[in-house]
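What follows is a set of notes on a single structure, which appears directly below.
Here the chain labels run A, B and C in written order, and each chain numbers its own residues starting at 1.
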Amino acid sequence: MEKVLDKKSFPQWVKKLSSYTVYAPVQEDEVWNYEVITNPEQVNLDFPNTVLSPKKIIFPQREVYLEFSASNEDGLEVKEVLPEEEPSVIFGVRPCDARALTLTDKVFGGDFEDIYYWKRRNQVALVGLACHTPPSPNCFCLSVDGSPFSKEGLDVLMSDLGSKYFVEAFSKKGEQLINPAKTLFKPPTEKDKKELDKNRTEAKKRISRQIQNIKKIPPKLKGMFDSSLWDEESMSCLRCGICTYLCPTCHCFDINDEIFSSSPLSGKRIRTWDNCQFPDFTMHSSGHNPRQGKASRLRQRIMHKFQYFVERYKNYQCTGCGRCISRCPVGIDIIEVLDKVSSYEG
Amino acid sequence: MAEEFEPKIVAFLCKWCSSAGSDLAGVSRMEYPPNVVPIQVMCSGSVSPLYVLSAFNKGADGVLVSGCHPGDCHYIKGNFYARRRIALVKRLLDFIGLEPQRFQMSWVSAAEGTKYTQIIKDFVQELKPLGPQTKLRRDL
Amino acid sequence: MVNLEDLKKEAKTVLEEGKVKYIIGYEKSANGLMPVPGFIKSPEEVEKLIWTPACVYNLTKFLVDEKRRKSREKKPDERPVGLVVKGCDSRALVVLLQEKFINRDDVFIIGVSCEETGVIDEKKLIKKLKGKKAEKIEFDEKDNFIVTTQEGKVKIAASEVLAERCLECKANSPVIYDVLLGEKAKRSVDNPFQSLEKIESLPERERWKFWKEQLSKCIRCYACRSVCPMCYCDECVADTINFAVTADTTAEEKAQKIKWLEKSPVKSENFVYHLVRAIHLAGRCIDCGECERVCPLDIPIRFLNKKLEKDAKELFDYEAGFDPEQPSLVSSFKDEDPEDFIR
């Protein structure tokens, strides 16, 4: 389904979606993040890039699995907790972040379906916003099979045409978003389509960063487990968790029993994001940690994204959003690291 | 009628003075409010700020750190270290907006059973109008 | 103004003479404005060094790594490491020396003076340039920076884009060094606690509201901890495994171990983390402002440290990072320390 929507009518569209929980990028100081919107006028799609991707809504940093309490004499009373199933829609999803969800879909789907993930995933509709200009100077989606107007994972894609949006729906979920506000949308003219094509050609050109010879990287990495490159490249790494926590595709988690009261016992079993850059990640109960230094942690991040994941799922586990580059406190640049992998000899 | 709020106080009492002072209050059958959970520590100087934060985190409405009077410390100077450290913690907690009445320090010697009961009585009276401490309490 | 060529010359000399193992300095990055920490191992590599107003990092942090690396080596190279420090960074070094975490012989200090200015806040610069991408930034005469964008050069008053910490700086030039580049100048700072006082003056309820909102945002990436040169503990209360486990540690001991805070990034646990972090830096933080710079959520955590810095000065007349011989704030006392708050 292809339509155009006047920019002025956009808040009215959002208003029609009152049966949904609506998320959109919200600015606080200099930071943009997806938050629940209560006032449709509040939605502003003129944003660079959010700090966290929509991953934080579908795979929240903290998820309650179950609650337990020693309320009776027989022992523990355990209650399963599942996410509430409420239809929601996220506006302003960048194509790279939507693609990232198609990757976490693979991880949380397949032989074993993670119900916590899917309860939310199945209920959410993703309305994308094509990147006419790259939202970050470190965008490199073209290098990892993406594009600034990729529709992968999206239900709807909106593209800016100046005074209006070109709106495409790719799924039933997407059409259901448009149907209640049908009158606001008009069929696109030939001129609109031409302009869209022109914008898209230009958008691609505006992405300045790219990974050289990406195709060669996964096989190359295979022989580089013991390479000294990791020591060199990780010299400045601080072992913080920014790169992985901000990554739209990283999905490692930890499960802990968190105690609210020890007498009488009550608490919750909780899943939180975990982070391969932290010192206690991969720590064995013996106290031994097979990933001792930071070199092995940087290696893990790169290997997971560009070798292990490729072997298993035939995709890079990276969609080129550039967050890890922009936000790294010491300027470790995944593109540079991969370029060095490409040219590594020895 | 709603029951009156009874604050819960976690008191870190040094073994040599304040804890003995509270014992004296006990064996002398002095009356004071039963709102205190006493925790005996070897010295007020051994009270890590983490203990204080953890007490608030686990639901204390007030926290008291009590040690020997200056000059009386069993370890010569532990209470002087405590004095500095607690002053800093107290100011920091005030800075983040915790009611300053919720965190107190006192000098109570082994002979000051009466002073101990008075400190607790006053503390409870000051905490009652504040209601339960929810700011730093675990919200898991 | 510090002449980059002088810096390179000094670096080259010590490397050629074999006086240092390697030099930790600021290196030009392939990607735009911000440099990266550089590890210069040979005289030829000295050309990579730069000195610009974007040299924000406190490189002292890397001495922690160096010490760990060295302790693992069987026959370590005993020569010192060359380290480029700004005024604030040099104060961090003083604290590490005071705490005997490093020895004076382990480091060859190349001090660079910020003179009348300081380093930029990247976010301020981006805002100021309104969409234009800065490719280069240089010191200029007096209080100006020259920024090169795709559309040419612009002159910007330093005060507009300086990091907050620089506006309240107590040491524009290094307090300890083996060689010093640039002038020992000092920009006058009326009140080093100016920004803090805005929060202090709020009523209690507003202060709580402020911190509740700010700290609730925290995702516990621990970048503030990781970037801090004083955060060198082998074990941290914030980690789920926060004690030394050996082959002899029993399952029971592990189970009994106190968990001071939970991994959930909720308000209460975030407060425990941030307050512990602040307290642990009392009398040690030298306000290099790195914790705040790296925070991806822009939480103004520097104020927590700043508050303790102010209290240490007010209550105990203590200032960190000037004298490696002075006893540390919390392991010393004076008879006349205030006790009016004690019952």
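Basically, contacts are C-beta pairs under 8 Å (C-beta built on N, C-alpha and C of every residue); 3 or more make two chains touch, one makes a residue touch a chain.
Quantities reported herein were computed from a predicted structural model and do not represent experimental measurements.
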item: Higher-contact pair (C-beta pairs counted), A-B versus B-C; value: B-C
item: Chain whose Cα mean lies nearest the overall Cα mean; value: C
item: Far-end chain from chain A, centres as C-alpha averages; value: B
item: Approximate Å spacing (C-alpha centroids) for the pair chain A, chain C; value: 31
item: Whole-Å gap between the CA centroids of chain A and chain B; value: 47
item: Whole-Å gap separating chain B and chain C, where each centre is the average of the chain's CA atoms; value: 35
item: Residues within chain C bordering two or more other chains; value: 262, 264, 266
item: Junction residues of chain B - those touching two or more other chains; value: 138, 140
item: Junction residues of chain A - those touching two or more other chains; value: 258, 270
item: Chain A - residues contacting chain B, complex; value: 258, 260-261, 267-268, 270
item: For the chain B and chain C complex, residues of the former touching the latter; value: 49-50, 53-54, 57, 70, 77, 80-81, 83-85, 87-99, 104-107, 119, 122, 135-140
item: Residues on chain A engaged by chain C in the complex (per definition of touch); value: 29-31, 51-52, 61-62, 137-138, 209, 235-236, 238-242, 245-246, 254, 256, 258-259, 270, 272, 275, 278-280, 283, 285-287, 294, 325, 327, 329-333, 335-336
item: Contacting residues of chain C [partner chain A, same complex]; value: 29-32, 34-37, 39, 57, 61-62, 65, 123, 127, 133, 219-223, 225-227, 236, 239-242, 244-247, 249, 251, 254, 259, 262-266, 290, 293-294, 296-298
item: Chain B - residues contacting chain A, complex; value: 59, 138, 140
